[in-house]
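What follows is a set of structures for review.
Presented sequentially are two complexes of chain A, the first with chain B as partner and the second with chain C.
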Partner chain A sequence: MKKSKLFFLIPYVLWLSLFVIAPIILITINAFKGEDGFTLKNFQQFFVNGTFLKMTLNSFWYAFLITLITLLISYPIAYILSQMKNQQFWLLLIILPTWINLLLKAYAFIGIFSKHGLLNNFLKLFGIAPANILFTDFAFIFVAAYIEIPFMILPIYNAICDINPAVIQAAYDLGASKWQTFIKVLWPLSKSGVESGIQAVFIPSLSLFMLTRLIGGNRVITLGTAIEEYFMTTMNWSMGSTIGVVLIVLMVIVMLFTSSDHHKKKEIKL
Partner chain B sequence: MSDIIKLNHVRKEYDDGFVALKDINLTIESGKFYSLLGPSGSGKTTILRIIAGFSEPTSGKVFFDGDDITNLDSSKRKINTVFQNYALFPHMNVFENVAFGLQIKKKDKQEIKMAVKEALHMVQLDGFANREISELSGGQQQRVAIARAIVNQPKVLLLDESLSALDKRLRKDMQFELREIQKKLGITFIFVTHDQEEALAMSDEIFVLNEGKIQQSGSPVDIYDEPVNDFVARFIGDSNILSGRMIKDYEVEFGNHRFECADAGIKPGEKVEVVLRPEDLDITDIEHGKLRVMVESQLFLGDHFEIKAIDSDENEWLIHSTNPTKIGKEVGVYFDPEDIHVMRFGESEAEFDKRLEAYEGEE
Partner chain C sequence: MKKLLIGIAAILLVCLGLEVGAKKLNDNGISSNNKNLIIYNWGDYIDPKLIKKFEKQTGYHVIYETFDSNEAMYTKIKQGGTAYDICVPSDYMISKMRKANLLDEIDTKKIPNYKNIGSEFLHHSFDPKNTYSVPYFWGTLGIVYNDKFVKSGQIKHWNDLWSKDYRHNILLVDSARDIMGLSLASMGKSLNTTNTLDLKLAKTKLDGLGPNVKAIISDELKMYMIQNEAAVGVTWSGEARTMLNDNKHLHYVVPPEGSNLWFDNFVIPRTVKNKAGAYAFINFMLDPKNAAQNAEYIGYATPNVKAQKLLPKEIRNDKQFYPSEQAMKNLEVYRDLGPKKIQEYNDLFLEFKMYGR
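Coming up: the complex of A and B.
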């Protein structure tokens, strides 16, 4: 590469090293730091103490549920969107909520879900006594999914738009039903979009902490909540860092599983 | 031979009011090679899409083997399509692409392997089964698309501008091969193209389309020799078209001269158009010529010379000649009475056929 081109890399490299690489190194050092130098105590505690493992499992379970629900809602929307006439307009409506601050959205949902909120007032019309909606698993997953949906729709929508419509017609032409066409053609060809969507939703969902607090009412404890607790409340930075390191490793593993094209075709002898 | 496909008064109007097809009636017999020929926007692809089931006619009916299939799903029709840009499944290899239709029909695995092998052999792609689509050239992808369609043993195969993406040399080879495949399988091919040479070379029968109407149908020779109107004459091959006047049966006037011709059944004095094909014109010396022209330009096209000449009335003449002449030279042009083809204004194909029958009967 020419020198002049390398010059343009400088801002990116600076950004990357200051805000991505340096923090990772710092928390890794922190995770291994005990009262007197290097220690594995924190990791030992993490893997031996059942609470942390349960938290990890919890994080995965909620992230999985959020991702699954988001996917189930987003895929059909992305498909319908790709067939619509005013695509740009509908796309804008889907992107619009992402312009609003997360905290604002969370507070809005508190207003909707609370005891004297919109939803309970509505339910009252049908004679259903004020239900406990806020601070439940349902509320947490619902709000998380609501926030993540645009990030799932966009990559899937792009992937579907890239498919040549004649390929879908070819499947019908060869006798495939709508469902067979979906399974054998549409889904595999839009899989790259689904994979990016899952990455964009699952990985952040692993470490959600603000929502667990505001909407989940601290009933849902994930690794994200734990990290916040260790850094902000108990001031045990090295334990917080340890959880952080474990979380990063888990995220990398998830990325490897969702991104690589690891199917190998077997040769067919004719 | 039996009729396999019939279109009855098919009309297609789009939401924006554009009428793609106006009252199309056509009959396709089984086992023949048909071409739908026309410029873009003539409605040829719309007809194909209606036969394939990707598009429904606004009114009219489509019959297949005597059954009304106007509203039948494309997946249930015994018709397969070779798409314009092949539309192969990019995530599958050659074998999976070709086997797709049979796997959908839940055929036995061994049977599928045999059928795919045979289909790949038919398109000369033996040993390509495990290749990825992205590894294939345009010509090879074209062959896979054909194999993917014929492996299902359809009664009718539709080909949508299937050769237009190939280079000229390859296109000629594929024309020949397609014809061979069609003869071997004995199924009906319906080929959509805007390339008149392609249509003339391959077809048993051609439908010439323009502005959503069938202008003329018939064998390549019929359409070339007896164009029903100036659109067909201009679209199929090169032609010299002049306005003229019928004097009486077997005599027509154009370019201020009267000529003996082979047409009759037109009332004397009627204004007509006259078509002369450039290859029917021969350059000769001035005394032997029926016309006197001056050579303006000459192009060598490999197998013949394309000569442009002008007569004393400023009419331009296009002449194909195997022998060269000199630019600026005055020469004579000779043609036989049968080379003159007279066209009446606004005569439909049916009227044309009727007139032809009437006066041919007299002889």
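Coming up: the complex of A and C.
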């Protein structure tokens, strides 16, 4: 009995050690490797050199904006969705874009945003074309938000669906206004979904390097851009790894922050 | 304890499996018989008809593989397990590969057509005696502009890019050496400057160009220039050639105060398995007729003087792509400045990308 259990564990353990733990160890070793053995020089450079700090702030700022916008759009949609009749059908429509390759979507947006693209042709009707849309902050954040929205809607939708409708009914019966019901009942009960949504959006947004290049035209610079440069152009793998390690640490911090009130949620459920 | 042992045993087993698999893969790659010739070149960088012709003439079977950046090619060859007979890196990469001991010497006596190459294309700093490389194509760095938005003759020098007329209308190629280089050239400095102060000044000057820059991109630049997305682009002559073919409004200018002269050369990697075939192929490609056919197909400038004479007049006399001797004098080949200086170039370029908006 015990042996068979162990047997099923083997692929899982192997997967984890080969593709999760080993790479993290390798990247950490690389980050501390200098010309002659162990060194902290790379980290010193990262934190003393203003460029990297500015880049980190940049990454955070854009990831924050992307997350905020996706949240503002996704929460109402998730709520409305949970009240709809053909939920499965609408849900499918929201998930559908995730089946299309990311690169393909990015290139489609290049076509829409470019100087003679769809959007500028539309603006022409109002006489404000050609506007510069491609390669702007707006374009970058718009496309990033578009891509991340399904990952925000799904967990929030699941959390809202888990709420017993009787609880909301009770709030109304006891005289709460719509706003009060939202603030005191709906929001706290769906918070776990919001938290996992934020994690699913914020963390990948920190290093969206392909979009910064294709849609942002390298006018938006995040840590992903720097990592690509250090690994591919200058082949300074140890500095690239250092940035990677800092990014991993930042992500862990974000994880800890967004999942800090797990027990609170349980209290409310009681 | 038992669990641990089983776990360790499993990991060892997998490692063994991977090792055996890797060996198998390697053997497959190397076990090529002597009739195979493996060429590793840039994508779409040879007239496919010539490969067929070569196969027919010599009986070799050509296996053609492609790469899209010097760095990717370098990493692949350095990691081993490849058996390329011929490879076509750019100038600075040749000197890097040479220093890393990845190249085999080339005996030019075994290549009769070697004499067709013009002397101005030989003996450059990346390979002073051409012991390791034979020129394939060459070109320059310059400015492409669209006469729909820019009057012809309005852009002649690097400094013209700083004009307020081109707000948010310039596309730059994403390459630290080239963009820092254009700034250095505009100040009358060498493109191989190693003086930190000069580099910082060049970067400060570049920051002033920031508001004019629409995007810093790589391969897509071609597409955008053809689609009239921007008025001005900074790119290499080879790319410009393709753009000019697809959009009649585009023109290419090499600023006379100085620019980059680049080479893509044949080399024979250390891993060569069919050296006789490699010599035969290089000789075949240097044949004036074949070289001319290839140059017409690719559109890049050929260093083969005899082939140049065979090209149609309008190509041969095109000053945009075959600059006069006078203009050639101010062109500089990039030297390999060593990892530290290259890092400095790239760091400054990254700073420009961040702050120069």
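To be clear about the criterion, the second predicted complex is superposed on the first by the 260 of 270 C-alpha atoms of A that agree within 3 Å, B and C clash if a C-alpha of one lies under 4 Å from a C-alpha of the other, contacts with A are read in each partner's own complex, and residues count from 1 in each chain.
In the analysis below, a residue touches a chain if its C-beta (ideal position, glycine included) is under 8 Å from a C-beta of that chain, and two chains touch if they have at least 3 such contacts.
Values in this document were obtained by computation on a predicted structure and should not be read as measured data.
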Superposed partners chain B and chain C on chain A - clash or fit
fit
Contacts of A:72 with chain B and chain C, given as first, second, both or neither:
neither
Output check: A:232 vs chain B and chain C. Expected answer is one of first, second, both, neither. What do you get?
second
So in the superposed three-chain picture, is A:128 touching just chain B, just chain C, both, or none of them (first/second/both/neither)?
neither
With both complexes overlaid on chain A, does A:103 touch chain B (first), chain C (second), both or neither?
neither
First, second, both or neither for A:189, with chain B first and chain C second:
first
Is A:57 touching the first partner chain B, the second partner chain C, both, or neither of them?
neither
For A:170 in the superposed arrangement: first (chain B), second (chain C), both or neither?
first
To make sure I follow: the centres are taken over C-alpha atoms, the vertex is chain A, the ends are chain B and chain C. What is that angle to the nearest 10 degrees?
160
Larger contact residue set on chain A - chain B or chain C
C
Could you say whether A:21 touches chain B, chain C, both of them, or neither, answering first, second, both or neither?
neither
How far apart, in Å, are the nearest Cα atoms of chain B and chain C after the overlay?
38
Chain C-contacting residues of chain A that also contact chain B
none
Touching residues on chain A, where the partner in the complex is chain B
164, 166-167, 169-177, 180, 184-185, 188-189, 265, 267-268, 270
Which bits of chain C are touching chain A when the two form their complex?
3, 6-7, 10-11, 14, 69, 71-72, 75, 168, 174, 176, 213-217, 220, 224, 227-229, 339, 342-343, 346-347, 350-351, 353-354, 357
Chain A - residues contacting chain C, complex
6, 10, 13-14, 17-18, 51, 54-55, 58, 110, 114-116, 132, 134-135, 213-214, 217-219, 221, 225-226, 229, 232-236
Along chain B, where are the residues that touch chain A in the complex?
52-54, 73-76, 79-81, 83-85, 87-91, 93, 95, 100-101, 104-105, 113, 116-117, 120, 129-130, 148-149, 152
